[in-house]
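There are two complexes below, and they share subunit A, which is joined by subunit B in the first and by subunit C in the second.
Let's turn to the complex of A and B:
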């Protein structure tokens, strides 16, 4: 491995770690002033190296394993493992942090920016670590780091709503980690290890062994991850945390944190390590369909812009879980692509929510109307994102949703595919209701002097919508490369 | 591992740990006090730690489990501190630690 490769790999973990130290060593006066620029630059660097690494991995179709300062050849040494899926998640994380920084520039109170930047960098560090680890226990540690930062971020403004959302998130998250650890204890009793490869080896060599504890452990892990991801029976905290968080934190949470903490691990454990693991598939399928339908129908009944987005998140994450449950290579590719697309369109919609809240002072859609003329950029990017979320061709959301439904149909889950298709029509319905109430219709006189939001907010919205549009061309190219490699 | 590893001792520890988990969950459901919620969460994590020790004993890999448990204790302290900070701020805002004061967010 040459120096450039090594630099790229180090930038995922060592660069944010060093950045936290440097940022805190600066005098507070300086760090307050450069806070947001610092975060923008850092996330841009990580984003660039993640994209470079993604392209390399896509062309070679390989994985990389590396350690930081220790010798990874030593016995029982842990190391980082990076394949295309993890690399894509790292790129999404960097992009979401970049957009959150752009939104924070104008919307966050100046004295909060210092804390925000620190916590956002640590979240980026934790997620980058989480996607590169090779055992369940290290995964838990990074999950806890990301979780703690997310509690503080939701309550950043110390208003009573934020504290309430944060406490609810803490409660569900504590339950999730307890479940996760109980599951790990049971798995450990059976296999004697938590390394992904050894769990896989255990399953392939001994079908005669006593399995019961292993299965019980898997159930606990599954429930823990579903709580973290906010899949339907355990979704209670999602709308509250999203609605009460400051705008830039909502972008971060909706864009990446919930997905990386819960959904990525579901893809990794139940998609790659243990595909088609008997009854787990059925449980995942039931959770997924519940989340898809419940999220879509509840979003119809909401009146707060951010709350609609939160329920829509539950519904969209349901699609990813459905793909994990189906478990064929085609479905997993669909799941990863939908992961990316969800980051793009949900990030963009939260950026628009910030613009609307800052200009009009409210997010209740019954009090809004006719903003389309005054806020053209916000309006257009919001319409593009919603069309992508609803799966209208040729936008990028169409490809991933189409792949998931197609894979479910081909794998024989025809009823599930039909339900997912119908729920996707409901998605169009609730987003049409949202767009009509906010951007179209006759404009209200109290909003007559509303202007377009600030430059950095517009930049974030434009970047995310441009990527949504570019995805309509890029995704077929990526799919054809994968097909040429014989993966799907 | 085989079933011979499950003697009276290990099974009683398993039952004890699961009982503590159930007690903590019961407290979480019944209590109205934010501080008690945090205590219940901590009690639950202690039970989980006990379960992990048992796992190490059964699987015969205590060294690995010991390092896990020290890490878990550290993570847990951080979570407890942040949660207590949120509870204190709730008390300052609402003037009470009652959980029913937290119902402003309803859709």
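Let's turn to the complex of A and C:
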């Protein structure tokens, strides 16, 4: 491992960990004052490191395996491992934390910023750890840490709505934990190991008499991860948690936390470690199609901006699960790209929701209208994000959705591809309804004096929208590099 | 003999866990949880899993209990009205959770009793505790550090910050 690699890898873990300690050693008066700037600077550093490492990994098509604290001697030691997918998730996490920090600057109550910064850094640490570990148990530990921080953050303001959302999330999370632990126990009883490599080695041998136990373990893990991801039929906590959380927390939750805790885990376990796994494919396919349709149609019936985004998230995450179920290299590339795109456009839409709520005091779309003229940046950013979410070419969302639907079609899942395509039209419909109700039409008298949101909010919206537009050029380049190297 | 001992210990552990969930006093809940952890430690020792037992005893029975009790020391007693409201909510909210947990645990226990032959007995790798902790499970140490930090900030948000 060269010096650049070492520096970059330390910035994913040691830097945030050291930052938490330094931040808490400062006098409270100082840490309160610099809280948001501290988080912005830290997430920017991690983001730059992640982008540098992504480029290195993309050009070398390699992975980096390392011991973080000291060299381990045992042959089957648990260590950290970084490939392109993990690095992309780390970059998305840092970007979401950066945008959440920008939103928190003006929207979060001053006395809450200290806890927000601490918990956001720990979420970043937990997700970074989760994507780099090589065994299922460590994976679970980091997954839980991210979950714990998330439900504390949802209840950060300690208002009744926030506490209710957090409590629902906590209960579902506890249920997911039970499923995950029982599933892992079954897998361990059958394979004798929780290391990804050893589970794969077990599967490549002839199946044992207790193979049923292994399958059951996989089912438990699958259900646990689907609850964490909020995939239909386990989506009950998602709309309440998203709606009741403070604006900056919604950006973080919608941007990365739910996806990393559930969807990334599904991609890693069922896309990379156990691809093409018979009955799991069928279950995943059913969950995916349910989520795609249920999320899209329910979003049509909502009137609250954040609830529409929450149901839209369920639908969009369904596309990623569909890709994992299809399981071909093309589908997995589509899944990872849609993961990134969803972070960008959903993060941007939550930033827009914060701007609207702060200026107008409401998120009920029936009470809004004609805000496009007063809030041009928010309006344009929202339109770009919605076009990307609906898969309109040439924006970045088009490429990932196109790849997923194409991969499903080529793999013989033609009905699933058709359903996904039709649901995409429903996405256009509910987003058109949202845009029309909020930004277009006649201006309301009570909103005559409102103006564009704060500079930091605009900065977050512009960065995310610019990346959505840039994706339309960058994704074909990345795809051509992957194709040239025979990966798709 | 070991089977009966294990069964008795398991029953006592479940009883302590139920106490931890149902007791209204947070302090009694924390103590009941610590007792359940001690039972689990003994069970793990009997099942020849000393590393698990040591972790359970040090982290769950020891560290977590200290964190819980220090947190409880930061709280104030409730008024009678709040107490009544809380009790109503408490009973309603936890009833389905108990039911789901009981069904999951019973189904698992039944299933495992059917599959009794395949349980891995103890550890066959031959490392001692120190070697395992430092040479093979580095990620767990990092995970534990991050987990404790999350718990500390969670406590700060819910109990220490005044609105």
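Everything that follows uses one rule, which is that the second predicted complex is superposed on the first by the 484 of 488 C-alpha atoms of A that agree within 3 Å, B and C clash if a C-alpha of one lies under 4 Å from a C-alpha of the other, contacts with A are read in each partner's own complex, and residues count from 1 in each chain.
Keep in mind that, in the parts below, contacts are C-beta pairs under 8 Å (C-beta built on N, C-alpha and C of every residue); 3 or more make two chains touch, one makes a residue touch a chain.
As the structure is a computational prediction, the values presented were derived from the model and not from experiment.
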Clash or fit, subunit B versus subunit C on superposed subunit A: clash
Subunit B versus subunit C as contact partner of A:129, first or second or both or neither: second
Touching partner for A:20 - first (subunit B), second (subunit C), both, neither: second
First, second, both or neither for A:240, with subunit B first and subunit C second: first
Which of subunit B and subunit C A:144 touches, first, second, both or neither: both
Which of subunit B and subunit C A:111 touches, first, second, both or neither: second
Partner chain in contact with A:79 - subunit B first, subunit C second, else both or neither: second
First, second, both or neither for A:119, with subunit B first and subunit C second: second
Partner chain(s) touched by A:422 [first = subunit B, second = subunit C, both, neither]: neither
First, second, both or neither for A:158, with subunit B first and subunit C second: both
On subunit A, positions contacted by subunit B and by subunit C: 137, 141, 144-145, 148, 152, 155, 158, 167, 171, 174-175, 178, 182, 188-190, 192, 210, 213
Contacting residues of subunit C [partner subunit A, same complex]: 93, 97, 100-101, 104, 108, 111, 115, 118-120, 127, 131-132, 134-147, 149-151, 153-154, 156-158, 161, 163
Residues of subunit A touching subunit C in the complex: 13, 17, 20, 67-70, 72-74, 76-80, 111-112, 115, 118-119, 122, 125-126, 129, 133-135, 137-138, 141-142, 144-145, 148-149, 152, 155-156, 158, 167, 171, 174-175, 178, 182, 188-190, 192, 210, 213, 216
Parts of subunit B lying in touch with subunit A, wherever the complex brings them together: 1-3, 21, 28, 34, 37, 41, 44-45, 48, 51-52, 54-56, 58-61, 65, 68, 71-72, 75, 78-79, 82-83, 86-87, 89-90, 93-94, 102-105, 107
Subunit A residues within the subunit B interface of the complex: 137, 140-141, 144-145, 147-148, 151-152, 155, 158-161, 163-168, 170-171, 174-175, 177-178, 181-182, 184-186, 188-193, 209-210, 213, 239-240, 243-244, 298, 301-304, 307
